[in-house]
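Look at the two complexes coming up: subunit A is in both, with subunit B in one and subunit C in the other.
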Partner chain A sequence: MLSQILYALPFLAEGFAVTLWVSLLVVVLSLIAGVLLGVGLVYGPAPLRWAVRIFSDTIRGIPILVLMFFVYYGLPAVGLHLQSFWAAVLALTLFKTAQVVEYVRGAVASIPKGQSEAAMAIGLTFRQRLSSVIFPQAFRRFLPPWINGVTDAVKGSALISLLGITDLMQAINQVIGRTYEAMPLYILGALIYFAVNYALSYASRRLERRFAFIWD
Partner chain B sequence: MGYTLNFNLIWRHFDKLWGGLLLSLELAVISIAIGIVIGLVLAVWYVSAGRVVRTIIAGYVEFIRNVPLILLVYLVFYGVPTVIDLAYSAPTSFVVTLSVYSGAYLVEVFRSGLEAVPRGQLDAGKAIGLTPWQRLIHVRLPTMLRITLPALSNTFISLFKDTSIASVISVPELTYGAQWINFNTFRIVEVYLVTTAMYLVTGYALLFALRLVERRFRAAR
Partner chain C sequence: MATSSNNSPALLAIAEVSKSFGPVAVLRSVSLQVAKGEVVTIIGPSGSGKTTLLRCVNFLESYDSGSIRIDGKEVGYRDSETRQRRSERDLAAMRAETGMVFQSFNLFPHLTAAGNIMLGLTKVRGKSNAEARSIAEHWLGRVGLAHKADSLPAELSGGQQQRVGIARAVAMEPKILLLDEITSALDPELVGEVLAVVKSLAEDGMTMVMVTHEMAFARDASSRIVFMADGGISAVGPPKEVLAAETTNERLRTFLARFRASHF
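Our next item is the complex of A and B:
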């Protein structure tokens, strides 16, 4: 049993690399899209605010698996052909973006109104208020939940195994298909996911403590 | 482009989706009920226990929260029966998994709620001569439930959505029904539009109902 698992390790490592690569892509892309849309949600004109609100509430209201199947099977039906890898990344990114939008909204909303009013009182323009008063403070509120949410991206990436992409989850299933050692391999897989995500959530807790404001 | 929407085939097989939705709700309700029991017992135990018990409970919570649900579903359905001599159906297996999974999330919710119960209330309970057990039942738990209601609602909704993972072990819930229609009729866009709408309507109806409950029992400030 042990020798079979040792033999499979390089294969599992390849799958793990795919898991990390997908997670990284999703995290970076959703950060960019989510911050842009989140700022649009807080400060944008009404039509943009409604559009972002509808996008976020719809995406967060359906299971990520349904969203993934919709994107994966639906896009080719309307004539858009993406590789399954990129369809998966697109679906996971859409989901994560909706989360990031809410982190941004929450972070900005948590800054007391007095900060903005004080900035106005000393004559800062709208842009200056955002860049030197609101955003630096909101950033500290945004970072801990966002890092914690990165674990969701890593966990969510396990679903791409259902699209036939050989990530860690799929690699484990394939090794089990050959060796029939289901329990040890699932436990090994669980430990690998745990190690990555625990490190991330630990970092998030540390940051939260460090970034706490005096008024907390 | 050039895709024409045609919902006829969806309506013909709508029983797959409707029956699936009912099963999704059933799976969610049973798992959440068991999860609440696990969560309550472990949270109450945690706040009064010594270091060893605390470490074990925290280990359970951290492990479950940091592993993908789909892996846990596979582990319970395909892994566990290879080690112990037990036979169970896919729905049972999923309910067990989701119960243990929701239990871990609910321990956290209840534990932070218990710690947020004002000290003065417990002292007041002691002052009027309530036993520790009475203080738990009449003072701590009711106040804790009021405090945790908003967090509970969010956890419930997210667990309802998590039932979609049951489709990977062929439990015929809503996502499975959608997949079935997808593969058998190829009305791909239509079936996922309808499925999305069903998840959204159910999810927001649940949320609305839970918000009403929250308003009714809001903690006095």
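Our next item is the complex of A and C:
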């Protein structure tokens, strides 16, 4: 049994690399899109605010699996054919972006109005107010839910195996298909996911302490 | 101290400014001129429009009609006829010419006392870090907080925070300083240290418009006192005149009587 698993390790490692690569893409892309849209939701003109609100509410109301199948099997109907890998990345990114939008909105809204006014009063422009006054304070409130969201993204990426992508989950299933050693392999898989997420939450606690200035 | 706006050109000229929140008129055609070096105190019952008027001066609040000029320049609009709002960049530049101190201090909690003062100096005035730091240290010294330069706001008492707030405003060398009930959130024993700083700025010739409930301070430190009621200026003049117990102004007399009853 052990030798069979050892034999399968390189294959599992490849799957693990795919899991990490997808997670990283999704986390980075959704962070960029989510922050931009989140700022638009708080400070943008009315049409932009409505658009972001509709986007966020819609996406968050759909199961991620439905979203993924829609992108992969549905979009070709309107001429958009994506490889399964990129369909998965797009679907997961859309889903994650909608969450990041809400974290950004919540974090920015938690900064008292007096902070903006004090920043205006010394003559800072809108961008300067955001970068020097609002974001540094909002960042601390944004971080904990966002890190939670990152671990969700890593775990949620297991769904892409359903599009036939050989990520860690799919690799494990394939090895089980050959060896019938379901129990040890699923435990191994669980341990790997757990290790990644434990490392992430450890890093986030360090970061939170780093940004915990004395204020509340 | 007792400069009158009649014989020197106005640094701040507020002309027939009106503003409504929905159906409620908060400012009714307010006109007021403040000369360079004057200290003008605005008193009045809550809801009389004092704070709103002050916030219109640096355009934290917009107004529906009228004009506010500092040194002859219209504050919030490109001109008072078309009422076309200034660009974000223009507004920021105009606001840098007025300093404001807030009731709730509004220090930036993620920056030290010196950092709070340096932010505007580096970002708006374009000073180097070293220059800004030395200006910050100078002003912290002026408000008696030289030893607190590297403290975060949360490590300071309310009175100390407010003194940093004043230093942050005056370090920008504004043409006019706006003080919005700056001692109202302080414990009584901390009020004195903040008012002492304001008084020393007044003695330096800083032009100030302040909203306050500190009547004794208003009487001692002001060139003129403005009494506002129902969104309009009901009385204006030297402290002795406005605060006289035998005033014929009915609203003012009621206000002062109520005030004396509750504060002495």
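Assume the second predicted complex is superposed on the first by the 213 of 216 C-alpha atoms of A that agree within 3 Å, B and C clash if a C-alpha of one lies under 4 Å from a C-alpha of the other, contacts with A are read in each partner's own complex, and residues count from 1 in each chain.
Going forward, contacts are C-beta pairs under 8 Å (C-beta built on N, C-alpha and C of every residue); 3 or more make two chains touch, one makes a residue touch a chain.
The structure presented is a predicted model; accordingly, all values stated were derived computationally and were not measured.
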| item | value |
| --- | --- |
| Partner chain(s) touched by A:17 [first = subunit B, second = subunit C, both, neither] | neither |
| Which of subunit B and subunit C A:9 touches, first, second, both or neither | neither |
| Touched partner set for A:133, first subunit B, second subunit C, both or neither | second |
| Winner by number of subunit A residues touched, once subunit B and subunit C are compared | B |
| First (subunit B), second (subunit C), both or neither touched by A:117 | second |
| First, second, both or neither for A:109, with subunit B first and subunit C second | neither |
| Contacts of A:125 with subunit B and subunit C, given as first, second, both or neither | second |
| Those residues of subunit A which subunit B touches in one complex and subunit C touches in the other | none |
| Residues on subunit A engaged by subunit B in the complex (per definition of touch) | 58, 61-66, 69-70, 73-74, 77-79, 151, 154-159, 161-162, 169, 172-173, 176, 180, 182-183, 186-187, 189-190, 193-194, 197-198, 201 |
| List of subunit A residues in touch with subunit C within their complex | 112, 114-115, 117-126, 128, 132-133, 136-137, 213-215 |
| Subunit B - residues contacting subunit A, complex | 1-3, 62-63, 65-72, 74-75, 78-80, 82-83, 161-165, 167-168, 175, 178-179, 182, 186, 188-189, 192, 195-196, 199-200, 203-204 |
| Subunit C residues touching subunit A - in the complex, by the definition given at the top | 58, 60, 88-89, 92-93, 95-100, 102, 104, 106-110, 119-120, 123-124, 152-155, 168-169, 172 |
